[in-house]
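Right, one structure below, let's go through it.
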Amino acid sequence: MADPKSDLIPHDPEPRVGLPPGSVVFVGAERTHPVTFQVLGYGPGHVAETTETCVDEVLGSRDTTPVTWINVSGVHDASVIRSLGEHFHVHPLVQEDIAHTGQRPKLEAYDDLLYFVVNMVYVDDREDETLHAEQVSLLVGEQTLISFQEAPGDVFDPVRERIRTGRGHIRDRGPDYLAYALLDVIVDHYFVVLEAFGTRTEALEDVIVEEAPTDVEDDLHDLRRDLIFLRRMTWPMREVLSQLARLESPLWDEATRPYVRDTYDHVVQVLDLVEALRDTASGLHDLHMTAISTRMNEIMKVLTIIGTIFIPLTFIAGIYGMNFEHMPELGWPWAYPAVWGMMLVLAGGLLLYFRTRGWI
Amino acid sequence: MADPKSDLIPHDPEPRVGLPPGSVVFVGAERTHPVTFQVLGYGPGHVAETTETCVDEVLGSRDTTPVTWINVSGVHDASVIRSLGEHFHVHPLVQEDIAHTGQRPKLEAYDDLLYFVVNMVYVDDREDETLHAEQVSLLVGEQTLISFQEAPGDVFDPVRERIRTGRGHIRDRGPDYLAYALLDVIVDHYFVVLEAFGTRTEALEDVIVEEAPTDVEDDLHDLRRDLIFLRRMTWPMREVLSQLARLESPLWDEATRPYVRDTYDHVVQVLDLVEALRDTASGLHDLHMTAISTRMNEIMKVLTIIGTIFIPLTFIAGIYGMNFEHMPELGWPWAYPAVWGMMLVLAGGLLLYFRTRGWI
Amino acid sequence: MADPKSDLIPHDPEPRVGLPPGSVVFVGAERTHPVTFQVLGYGPGHVAETTETCVDEVLGSRDTTPVTWINVSGVHDASVIRSLGEHFHVHPLVQEDIAHTGQRPKLEAYDDLLYFVVNMVYVDDREDETLHAEQVSLLVGEQTLISFQEAPGDVFDPVRERIRTGRGHIRDRGPDYLAYALLDVIVDHYFVVLEAFGTRTEALEDVIVEEAPTDVEDDLHDLRRDLIFLRRMTWPMREVLSQLARLESPLWDEATRPYVRDTYDHVVQVLDLVEALRDTASGLHDLHMTAISTRMNEIMKVLTIIGTIFIPLTFIAGIYGMNFEHMPELGWPWAYPAVWGMMLVLAGGLLLYFRTRGWI
Amino acid sequence: MADPKSDLIPHDPEPRVGLPPGSVVFVGAERTHPVTFQVLGYGPGHVAETTETCVDEVLGSRDTTPVTWINVSGVHDASVIRSLGEHFHVHPLVQEDIAHTGQRPKLEAYDDLLYFVVNMVYVDDREDETLHAEQVSLLVGEQTLISFQEAPGDVFDPVRERIRTGRGHIRDRGPDYLAYALLDVIVDHYFVVLEAFGTRTEALEDVIVEEAPTDVEDDLHDLRRDLIFLRRMTWPMREVLSQLARLESPLWDEATRPYVRDTYDHVVQVLDLVEALRDTASGLHDLHMTAISTRMNEIMKVLTIIGTIFIPLTFIAGIYGMNFEHMPELGWPWAYPAVWGMMLVLAGGLLLYFRTRGWI
Amino acid sequence: MADPKSDLIPHDPEPRVGLPPGSVVFVGAERTHPVTFQVLGYGPGHVAETTETCVDEVLGSRDTTPVTWINVSGVHDASVIRSLGEHFHVHPLVQEDIAHTGQRPKLEAYDDLLYFVVNMVYVDDREDETLHAEQVSLLVGEQTLISFQEAPGDVFDPVRERIRTGRGHIRDRGPDYLAYALLDVIVDHYFVVLEAFGTRTEALEDVIVEEAPTDVEDDLHDLRRDLIFLRRMTWPMREVLSQLARLESPLWDEATRPYVRDTYDHVVQVLDLVEALRDTASGLHDLHMTAISTRMNEIMKVLTIIGTIFIPLTFIAGIYGMNFEHMPELGWPWAYPAVWGMMLVLAGGLLLYFRTRGWI
């Protein structure tokens, strides 16, 4: 289990540096809960379910049902993984990968065992909607499936329920179908997370759109979002039609093929246009940003010109508004016109300066 | 049917999590309209058309025309899909996909059935030009085509009309040609949507260009748009010439091939240049934005220097312009020159400060 | 013919929605000029050239020269395309594509006919340098080449001239070589357009560089442009050396191969470095923009601090500079020091406020 | 050894230009430490370890253990590489690559020798956490492995320790397993570096998030980071399911395949959605930036309007607040109302000007 | 020879439009220097070197050394290329490509001739460090190599020197090895150019970093640059390990393969993390920019609020500070409190306005 932030940092891998490969060392957030085992044996007609806390009992109690599913909650106890690994002839590197959480999902096929690592993601409501990822390892054997979770959880409950009640085909099939069912449940959880993400995106959209005091950028945003949507709709259409144009099927007449190719060309043209429109819309955003910045420049230029001219003049007027008793200029007869002249010269000089800078 | 916004959130998929695969559960915006069936049987010589509201009548009334097209308007009634599915031996996963709208378009070929999911997009004029997507599923059998729409609509009317009037080859061909005709109509609707998008883009372009008080960025935008256009023209040329250089045809002499390869090289060179020009134009935008920001800095610097110097000086002048009776400084003989001195020192100090900051 | 802007919107495709495939309907800007036919028959020894305005005469007058090139200027008359199409056994979908301008370039090989669509681009000097695209369709048969232009134009004149004068090999070769020659002329026109684009880019560059009052960003722009250039030089080198490392030729000794692989490694290293430098340069632009924005913040902070402190103080000084007869404060003996005290408290409070905000 | 900055510049390659290929010239930061040789011979039962400083002793002392590992610390002495190279029949180009540090990692297979170049990265704590890269070359022969490091270091110590103590299988295996063990140690060091990078990223994140006075952008950043995380989780899931859908294994029933394909479709859909959400989030950032800029424009407009109107008016008031003895206007009876009138006209004119500019 | 700027515009290709293919027309910057020929015949034992200025002498003097290298300096004289071309049976299109500089690098294999075009880049120190590209064409025959440079230059001197002195294997090998040696010299020149680019990048980095008054963005830039470096180190590692996992060699035991695959997984994980960190760092830059802009908004808001409130108030105070003799208000007993009241109402109204706008 890792929140996305701390996952950016690999979980203190240093202790592993230089260990012989196949060393089973748990790497991840520290966990102390005891490891539990849920053992579920089933076949077309019957189900047997026990929960153990000791690996030896699990291996001892293995009955002879067509399928036995051992769910191990906790991978922080290296001895458990080693015991199970030895019993089921699991390659040491696989044992290491089970314990070393934070693996990249992968599939490895051995002669008598398939090994999957997948990531389960979920949003923890209790902890301020943080996103969590948990590594789930599956070992698929002839008659056995062993699943490893990092912590006890109820994510596999729906599958368990289906086995108990015998709904669907699950009891009639082997461990591979069970593996599929578990993968499917995990992938379905991604949609739950995505829904939370969609909600977050929309909430942000509402806040941001509200604060945007201009319709233009709003409309532009809508356009871009709609184009994203349209592309998402069209891309797989292209795949479908490309497949169809190459389809060999008794149901699909050879003579219809050129027509399909024609429709395929249309879809490709749609995609070309969507991409061109997206590029254009992105260019429009750039243009709009430049327009806003340029307008700001214009506004500031007006303020600066007015301020730069009148602030010094007001200062001069302020000087001769002072009430000192000994200000000889105040008594001179030509002082007032002289001050006016000085002010005009100053203002004219500033205007000239602005003109040379190209501001007016 | 989904508007793009709500589609960013998968349609409440939670109820599905953990259901056995093949469970037919409608997932999507709630619908209550009754499901209707338009049955159209036709062959080279004749056409028979009925509209049913009950699935049993549809299955019962199936006549023996070479092609029977059953159009189902509404996928929210699981029993309907199940009845049809059982009658035509449709795989449970396919039944699930028909009901579970929001699928990615795909093509699946079974032994006696082809299954397509495609997205139909359209702009609803009544609802403020929002973009809608609707999942259309097609089942193509030996003599039957079943199409599923989410809601009744008139999108297939032109095809129906062509069948009724016998225009084109449609009556002489099988269900595969009918499937093509429906796909073609759906893809053609993308162009209608694109036209609406083009109009929106142009309207925004007009507004934004108008507000841009500078020609430079305008010209730059034109240049970039033209380069997008040129690339869109050139890319497929490359494909054509590449195909031609490898073409095996009695109509195309081996000796002409090196010449074609030469022209192909030219087109690749054109593409290289277009990409380089696009990168350069994008760099020019960056340069322009920096120029605008730097200019703003210059403008603000002038205002700040003038303001920072004269606002405090004006304050000082204001102080001695107050009319209090008891202001001893006013009577001092050297007060006026002292104030001037103080002001000059202050102004000089600020100028020095600006120089150390590199502003002047 | 379409200018890039209007081409973003597909040319009113709605009339086509639902038409049977193969319907020959002209889609594009409306044209009314009469369709003309330039017929050029030639062989190693002779040339015969006529211009017709009626399709029947064209088909009737077809003489028995080894190659006959029929150039059709105008695709807006459906009957013309249909007549030619029937005479030369052209597939209805191809006939439709010839009339339906705005196709994506493509090559389709039929048993007795090759069909190309290509785009010709050109800049119209008369219309303010707008970019135009015109669809050119070529039908290559055993002894015939039919070319379709949207409007009469002189783009093929150089080829015609070469046929007339017998320069080069063109008269000794078949219609495939003629098709190549036409394609080559069309691709060469892309370079003319690119030249116009290069000029536009440079003109913009001059304007923008001139207005940039800082050398840094200028140099950065130069660096990025040079890196674009260097990448454009290096990419194809990589292809050449990769080909060479796999070359099977009596002229190329097996023993030289490891050396070539070594040079290939060097070129790949050059590309890695160029990409890394481009990323770094782009990061430098970001850094520079942030620096400019931060500097602006600094400038504005100074102005705001000075303004916020002194504007209210000046207001207070202004109050007591008013000349009302009844202002009791003016006569109080401690009023002047009290006002000073008030001002100092106010200024101190503001300074404290700025400190808590982290501005000073 | 190179810090990333200086590595952007290839290490003075000029001296190499034009040298015959296979010239062993050390290229890199200058080094003067003496080259040392750690020779470790081992087999299932025994270990022999010596450290030499002279290449002849190394070649002379080579005993007959199943595996001999010669670790050369220093590649700046061309004669050493040449001696070893001649003794073990190393291709001159390989000798050159060993000495010419800064190679791109590569693998070359010769008949009796495998040659690897890999980069070892590490963060040097002593030097302000700068990132270093060092070229490590490995030569794998029948019974010998020669490793070349640029400088003496303890990176291979864990492997040496494992050989000494006989932990794991390493002593039972050949030089290929030893090569693997060294590669593994080098790759594990990347994780250590990544951890340092994660810490740097988080530290920056803390600083930047703290200074952001708005929650919106913060939330947006969180959303984008979570989407990066989700994509990183989902991409490899896609690979796993795609592999699984094509898996041929007795453990995996053919009949389960369509179900897996269904889950695969779901994962692809998840990826589509994640990408669409990422694009949308990036669009939201653009929208937010525009909103901020537009708001700034609004703020500045208010300041500019108020300032532009009242600063000149205050100047006029300041004029008639001056205390000159000879200001004839002051005595005129209508002067006061005239000044008011002038002010109103000025203010009205400015308001009109702002209206024409669209500011109010 | 072309500087990158003018190269964005193809070198006036118009004269070529419509010429028959294979027309040898020089296209490029005009050159007038006479074409010179350096002929170097060599074999294991001897070397003969002459310099000619007339193509006939070159062809006449061709002696019977095992290898003859003819270096042609200048491709602007079409007759020279034609003479050589005819003598050595060079395809007309190849002759055209030699003269038509600005080609994309390519390799063409004919039966008795290999033809390369490559670009040589170099920085001209005399001309303000502009980047130049020159097309070099190589024709490799059985016993002859002809190289074409655009202008005389000393780039091939090191190779010539090696031939003269007999260093390395060059004299013992055929023209293919000579071709390799020339390619190698050309590629090595790319590193010289890259070094100049690295220096330019660093110089800019120094300037920009210096002007950035904030550490945060600086650190962020360092982080991003280090990540670019790390990715550049890791990518080729991935290739090496992928090759190794598929390696078939007697030196590489089958049993070691799973371990290598494990290490390969680690490297892929490193790359995933590096990419995620790069995306995060880029998001941090966005966040930082927004923070700066938002802070600017805050600063401006404070200035605007203070300015907007006090500038009008100061104006009012200024009004009643005027010294007109006839200002009736000055004598009214309640005038002073009335002005205060008016001012408070005005300030209160503005505060209310700012509150409704959400500024305070």
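Read from first to last, the chains carry the letters A, B, C, D and E; within each, the first residue is number 1.
We take it that a contact is a pair of C-beta atoms (placed from the backbone, for glycine too) under 8 Å apart; a residue touches a chain by one contact, two chains touch by 3 or more.
This structure is a prediction, so every number in the text was calculated from the model and none was measured.
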{"item": "Co-neighbours of chain E and chain A - touch as defined", "value": "B, C, D"}
{"item": "Same or different residue numbers at the chain A/chain B copy interface, by half rule", "value": "different"}
{"item": "Pair with more cross-chain C-beta pairs in contact, given B-E and B-C", "value": "B-C"}
{"item": "From the options A-E, B-D or A-D, the pair that copies C-E, where over half of the contact pairs coincide", "value": "A-D"}
{"item": "Inter-chain centre distance, chain D versus chain E - centres from mean C-alpha coordinates, in Å", "value": "20"}
{"item": "Where chain A and chain C are represented by their mean Cα positions, the distance between them in whole Å", "value": "33"}
{"item": "In chain D, residues with contacts to at least two other chains", "value": "8, 10, 21, 104, 106, 184, 188, 191, 194, 198, 201, 225, 228-229, 236, 259, 262, 272-273, 276-277, 280, 288-289, 293, 295-296, 300, 303, 307, 311, 314, 318, 321-323, 327"}
{"item": "Of all residues in chain B, those that touch chain E in their complex", "value": "258-259, 262, 265, 268-269, 272-273, 276-277, 280, 321"}
{"item": "Partner chain A, residues of chain C touching it in the complex", "value": "8, 10, 21, 91, 93, 97, 103-104, 106, 321"}
{"item": "Chain D to chain A touching residues, read off their complex", "value": "157-159, 161-162, 167-170, 181, 184-185, 188-189, 191-192, 194-195, 198-199, 201-202, 216, 219-220, 223, 225-230, 233-234, 236-237, 239-241, 243-244, 247, 249, 251-253, 255-256, 259-260, 262-263, 266-267, 270, 272-277, 279-281, 283-284, 286-291, 293-298, 300-301, 303-304, 307-308, 311-312, 314-315, 318-319, 321-327, 359"}
{"item": "Residues of chain E defined as touching chain C within the complex", "value": "4-5, 7-10, 12-14, 16-23, 104-107, 109, 112-114, 116-119, 121, 131, 133, 140-142, 173-177, 180, 183-184, 187-188, 190-191, 193-194, 197-198, 200-201, 204-205, 207-209, 211-214, 217-218, 221, 224-225, 228-229, 232, 235-236, 285, 288-289, 292-293, 295-296, 299-300, 302-303, 306-307, 310-311, 313-314, 317-318, 320-323, 327, 329-336, 339"}
